[in-house]
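Next up, some structures in structure tokens.
In what follows, chain A forms one complex with chain B and a second complex with chain C.
== the complex of A and B ==
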């Protein structure tokens, strides 16, 4: 009897723990939107500086139909995925090399960590000069900023493989290649994926940033165009869309990471 | 003994690599600059860059722009730290509120801050104020997220002791929360400082009339490429020095 009462109660609590904050987040967003709408409508907030949320949402539709926001998104996505793919082609072997050869690891890991913290995106004028104002520059910047976390986390992941697993491999007389493919690689996947996730986010952020700065390419260019056109609702709509894309990327990547790390 | 000699051998190899690598980079740079593969002037020789670097260092104009950037950095980072810490503690001290705020903070934290430049320019104009605001916005998220996570993880036993002693909210903050939050706040500040530097310099590059970012893009626009490289070197040296100071502070005070 007690169990039958406790179970639905527990389910309710679990559902609240899961959906309560999400519903509240949505309500907060709606509430903030409403306040902004009232402030703009009443003239307290200057409409030449802040767009009313209703106007912004209507502009979003216009951005899709007239200003090719969908195509801009695909351009940015294609650049970010290409840059991340290239960053993986560079970063994964580099991370393995730094793990495999101790002298290289000791010599360069600190440098890579310093580069990870350095404002590498500021190098873009250098690539503008060398490559020009084209996708080569945006993708190169994405590759540079993306490959460093991939390499660092791959190296870290291989270092973190449990010695017990390696001992089990040794007990089964595995060769070095078998140990690498059957033990080290599968064990390192979750941590190495964290590097790939960061690499993708860094690439995306830097590509959008550079698109905005050089007024070229996808989503970043749309924000810049709207600003210079002084289309305030359109500009806010484009910024809102980029925030939504960031949230989508973050959510999907975190879910994949959780799936790769079941325990 | 064998271990020691192996370690010193390894150390020598590491040192050799660390000395040789920049030398190889410099030689490669010089070869590319002199090869004619790229358009003339796109990759200046090391001597030209060194000469431009020296000219910049002896020019009073550089120090004016350097001062503007440092002032913007100081303003932006101070605001980011104060607002970030207060917000982080306020949100983190109530787990439900923190889980409601988390989607907003996380998605805004991963959004490129430079796209907010038009918004801050509409509010503050193209002067240093808009760069301070953009820097503050950039630095705010890592500091707030780190402080919020730190506040959520303050040991419950400490909070319970505080409650048992009937501490006021102010006393709880000063005696219980803040001493436990030194590590997370410093870690957040370290991350936030990097983002603030980037946001300010990119803001200067896009639309400004002073600062190191403005100077670099001005040289690019007038095709003074060697001078542009020298400004980029100055920017990187400054960023690395500030990061080194922050790392030192982090190691000194963060005992996590």
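== the complex of A and C ==
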């Protein structure tokens, strides 16, 4: 009796716990948008610097039909995915090497961590000169920024493998190779994937940033085009779209990560 | 074919990073006969896991030797199966795939190994949970998965380090019953490490009592209770007598352990 009473109540609480924060953050966004709208409409905010949210949303359609925002998205996506793929080809073996050869690990992990924190985007003029204003430069920057977290997290993940699991392997008389493929690799997958997720996000961000800086490629170029056209609502619309895409990326990757690391 | 185990003058001293030396094992001597169930009991921190790891070939002893079937060994031995004190199931494998692990390594065909693994899953009472992952199980069920995984490799000598350490008393007794049945069926030589006196008496042919650090075997006590046994045994006077005797031996050592911990 008591249980049946409590259940719907608990379900409500659960629903609130799940939807409450989302609704709350959505409301805050709507509220901030409303304030911005009022500020621009009343002339307090200069419309040549800030676009009214309503105008921004309306230019989104124009961006798709006239300025090929959809194609730009696919171009950036293709670059980010190929950059991440290459970052994995470099980062995974590099992470393993730093794990396997302790001297190398001790010597270079600090460097990698420092590079992870550095604004590597500033290197772009160098590649612009060497490679030119083409996909080579954008993808190279994506690969460099992406492979650092992949290598760091892979190395960390291999170090973190439970010594007890390794003992289980030893107790079953596994060879070094069997221990690697049957225990170390599967145990390291969830943490290494965190590095791959970060690598993908980093290369995406850097590729878009460089597209903007060199006015070339996909999404970043659209922002830069709008900027040079003094199309302020269009520019904000493109930025808004990029934020949406990033959120989508993040959500999907988090889902995959949760699936890899059941608690 | 015999499966005997002998520990001769095995000692071990650990050195910590700041240079402190901890003598975990004073020279310890011990023999386990073919088909015998021997328990090692001792206060926490007396070097039980250290002894376990040395016998299993996980760490080398400073002195002395481990003799399996009359031959001195160093490193892991194919006749020895180990169940560890810490969490040791593979979280990325289901119960069935965990249990089939050693068979898979040995190259057994999939159908055959799963069939065999199912048998051991049943033996530890996990039927119905074959396709669960470890995180979907209770601690006791995970430990039983680990036991089944080791049993599936059919070791002639089974070493277990407090496999029921983290369990409540009721579950521990029931699992003890299961283990008794399994050992009666498989008849392997078994060494169980525990700090639970009831468990030691319930399961063993012989109980070895260890002293506090540096650990050494103080005394071994033959448990002359009829087999097959089950947990009903624990309400008998004879059982209580054994528990009392072992507790007497242990009390002093446990006391020393507490005092040492207090000073540290």
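Note that the second predicted complex is superposed on the first by the 263 of 263 C-alpha atoms of A that agree within 3 Å, B and C clash if a C-alpha of one lies under 4 Å from a C-alpha of the other, contacts with A are read in each partner's own complex, and residues count from 1 in each chain.
Definition applied: a residue touches a chain if its C-beta (ideal position, glycine included) is under 8 Å from a C-beta of that chain, and two chains touch if they have at least 3 such contacts.
Every value quoted in this text rests on a predicted model; they were computed, and no experiment measured them.
With the C-alpha superposition on chain A as described, chain C and chain B fit side by side in the combined arrangement.
Of the two partner chains, chain B is the only one that A:121 touches; chain C does not reach it.
By the touch criterion defined above, A:168 reaches chain C but does not reach chain B. Here the vertex is the CA centre of chain A, and the angle it makes with the centres of chain B and chain C is 100 degrees, a multiple of 10.
Touching more residues of chain A than its counterpart among chain B and chain C is B.
Within the superposed three-chain model, A:187 lies in touch with chain C and out of touch with chain B [touch as defined at top].
Legend: residue contacts after superposition of the two complexes on their common chain; A:208 is shown touching chain B, with no touch to chain C.
By the touch criterion stated above, A:142 is placed in contact with neither chain B nor chain C. Of the two partner chains placed by superposition, A:53 touches none, neither chain B nor chain C. Between chain B and chain C the least C-alpha distance in the superposed model amounts to 11 Å. The residues of chain B lying in touch with chain A in their complex are 10, 13-14, 17-18, 21, 38, 42-43, 96, 99-104, 106-108, 110-112, 114-119, 121-123, 194, 197-198, 201-202, 205-206, 213, 216-217, 220, 225, 228-229, 232, 235-236, 239-240, 243. On chain A, the positions that touch chain C within their shared complex are 162, 164-165, 167-168, 170-174, 178, 182-183, 186-187, 189, 262-263. Considering their complex, residues 53, 56-58, 76, 78, 80-82, 84, 86-88, 90-92, 101-102, 105, 133, 135-136, 150, 153 of chain C touch chain A. Touching chain B in their complex are the following residues of chain A: 20-22, 24-25, 28-29, 48-49, 102-104, 106-108, 111, 114, 117-119, 121-123, 125-126, 128-130, 201, 205-206, 208-209, 212-213, 220, 223-224, 226-227, 232, 235-236, 238-239, 242-244, 246-247, 249-250.
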